[in-house]
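Chain lettering (A, B, C and D) follows the sequence in which the chains are written, and residue indices restart at 1 in each chain.
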Amino acid sequence: MAEFLLVMAACVLLSVLCGLARVLRGPKDADRMMAVQLVGSGSIAVLLLLASAFGDAAAVDVALCLALVAAFASVAFALGLRQGAGE
Amino acid sequence: MSGAWLLDGVLLLAVPAIALASLLSRRVLPALAAFVAYGLLLALVWMRLGAPDVALTEAAVGGGVTGVLLIGAAARLLMPAAAAPPGWPLRLLTALLCLGVTAGLAVAVLALPEPAPTLAPQAAEQLAATQLGNPVAGVLLAFRAIDTLLEAVVLVIAVIGIWGMAPDGAWGGRPGPVQPRLADGSVALLAMLLPPVGIVFGIYLAWVGADAPGGAFQGGSILAAMWILAWLAGLVRPPRIDSLALRLLVVAGPALFMLVGLAGFVVADGFMAYPAAWTKPVILLVEAALTLSIAVALCLLVAGWPMRRARA
Amino acid sequence: MSVMLDLFSVLAVLGGCFFFVAGTLGLLRFPDTLSRLHALTKADNLGLGLIVLGLLPRAGSVLGGLKLVLAWALVLLAGAAVSQVIARLAGREGPAP
Amino acid sequence: MSIASAYGLLGAVLVGLGLYGVVLQAEPLRRILAFNLLGGGIFLLFGVMARRGAGAGFSGDPVPQAIVITGIVVAFAATALAVHLLLRLQAARDEPVPPEEPRA
């Protein structure tokens, strides 16, 4: 079971990282934000899978921390875009 | 454990790729987007290295707060028209130099002595005396407390340095640019809903830090992130920098830490030594004060220097 | 009973993984920003949601399970708010190419 | 090769990439960004030392881990100082005439 969860974690990570191509290609800043958002939720999924596979409770705390931080960074990004890229 | 190797392989390829993306992107915003993703992935790497304490710090400080600081600066900085990129000889030379550094480090990593030198057994042996369960907290607050003290002082000095940039008339005013109150419903709602959860989680991290991964830095930086979020949404204003309460909050942690350290001369064996019976309560007290001071200092480091003339 | 629970975990986690992959494909292949946003929210909400659902039987304690659900709730909340902003930005940056 | 060595090589690569950016980026903000990429690599090298020193029931040597935690926070303080210097310089360029002295 642990092995299965780890393979799933690798799949999620790989797929999310392919999505990062959008950070480079854009074409809009909105697309780039989406890719980062996807990396955020993908990393959380990977951490939760790791936590379950290894029975490591600390990984869940790290996942919660990432969830807060990703939300925080996305908001800052949105506000920064509104101020900066507008002109 | 082929599954674990698969995961490691993906991470090992992805992190340099995203660093490269951040370096090579033409505009600054995509570079910053890649940097935030880099911070998130490094947190995963730290988990794989068996260091959840560092993973928490890297996620909160390295990815989150640093990313937000840089995004805020990018929004305010007028980027100069792109200068002509340096010619290819210079680029080639730099690339060779960097390749050399990487190669040197790689050789050093591969040639590390076996068995690896470690202080883990000593830490394990002494940890019982601190009554803590988390070895990293033991190192931070007992065995190498002087490092942590100096590091807390560095934060205070950085705050003073940034305040020192205030223009003549603005000294004593509120730091940072005015954030317009968001009319936008969804983000304002998030800025109101997230901080209560984040504050509980930040205090939780600081509290469990004695026995589980977490601690003053991790908890403090989550608390700071929540205040910064509310500030960005225009829900709160930073206090004036001549406010005595604010200044006391910034120095409370390091000052208490130093006092405890000095008290060690009288009641224990020397500087930064804790009396045996009181070790854990003293450490928890210091950690609580440090959490508060670190949170306030991080907020002030992101907010910046006072810009507008202070009204007397 | 434990076999059934394991089977449930496997299926839910597989489903979550599928939605992540599908969301990424959508993000890469869909022609315009708004439909890409649609794909992203599926990965965020359903992908992570199914994975959390699958891991719940393995959580061990009620507190552990609550933490899993909290992580998902945070992502849902942030995703909902940020998607609004992204959509508005996409609209402001001009019609889709 | 152990997992720790593999991540050590990753750290070495990140240091090289970051250094390239610090040397060649034209915009100061991009340089600060590259400095942070470089820092991530150096911290990772510490993490590898910590991982190799696992023992006594710990998943890593706690001493380098603690040092990295303080290092991350100090790197943030340095970054904040640099970023605000940059913003202050721009503000100073915008108003070449120094603001009048407040009358005491």
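We adopt the following convention: contacts are C-beta pairs under 8 Å (C-beta built on N, C-alpha and C of every residue); 3 or more make two chains touch, one makes a residue touch a chain.
Bear in mind the structure is a predicted one, so any value in this text is a computation, not a measurement.
Peer 1: If you take the chains that touch subunit A and keep only those that also touch subunit B, what is left?
Peer 2: Chains touching both subunit A and subunit B: C.
Peer 1: Which pair wins on C-beta contacts, B-D or A-C?
Peer 2: B-D
Peer 1: Need the CA-centroid distance for the pair subunit C / subunit D, whole Å please.
Peer 2: Roughly 32 Å, centre to centre.
Peer 1: When the C-alpha atoms of subunit A and subunit C are each averaged to a single point, how far apart are the two points in Å?
Peer 2: So the centroids are 10 Å from each other.
Peer 1: Suppose each chain is reduced to the average of its Cα coordinates; what separation in Å results between subunit B and subunit C?
Peer 2: 28
Peer 1: Please list all residues of subunit A that touch 2 or more other chains.
Peer 2: Subunit A, residues with two or more chain partners: 4-5, 29, 33, 35, 40, 57, 61, 64, 68, 70-71, 75, 78, 81.
Peer 1: Could you tell me which residues belong to subunit B and also touch two or more other chains?
Peer 2: 4, 11, 32, 74, 76, 187, 190, 194, 197
Peer 1: Write out all the pairs of touching chains, ordered by chain label.
Peer 2: A-B, A-C, B-C, B-D
Peer 1: Please name which positions on subunit B make contact with subunit C in the complex.
Peer 2: Against subunit C, subunit B makes touches at 184-187, 189-190, 193-194, 197.
Peer 1: Which part of subunit A faces subunit C closely enough to touch in the complex?
Peer 2: Subunit A residues touching subunit C: 1, 4-5, 8, 11-12, 15-16, 18-19, 21-22, 27-31, 33-35, 37-38, 40-42, 44-45, 48-49, 51-52, 55, 57, 60-61, 63-64, 67-68, 70-71, 74-75, 78, 81-82.
Peer 1: Which of the residues in subunit B end up touching subunit D in this complex?
Peer 2: Residues 4-5, 8, 11-12, 15-16, 19-20, 22-23, 28, 31-32, 35, 38-39, 42, 45-46, 48-51, 53-54, 57-58, 61-62, 65-66, 69-70, 73-74, 76-80, 82-83, 85-86, 90-91, 94-95, 97-99, 101-103, 105-106, 109-110, 112, 116-121, 123-125, 135-136, 138-140, 143-144, 147-148, 151, 154-155, 158, 161-162, 165, 167-169, 215, 217, 221, 294, 298, 301-302, 304-305, 307, 309 of subunit B touch subunit D in their complex.
Peer 1: Spell out the part of subunit C that touches subunit A in their complex, as residue ranges.
Peer 2: Per the touch definition, subunit C meets subunit A at residues 6, 9-10, 13-14, 16-17, 20-21, 23-24, 27-28, 33, 36-37, 40, 43-44, 47-48, 51-52, 55, 58-60, 64, 67-68, 70-71, 74-75, 77-79, 81-82, 85-87, 89-90, 93, 97.
Peer 1: Would you mind writing out the residues of subunit A in touch with subunit B in their complex?
Peer 2: Interface residues on the subunit A side: 2-7, 9-10, 13-14, 17, 20, 23-24, 26, 29, 32-33, 35-36, 39-40, 43, 46-47, 50, 53, 56-59, 61-62, 64-66, 68-73, 75-81, 83-85.
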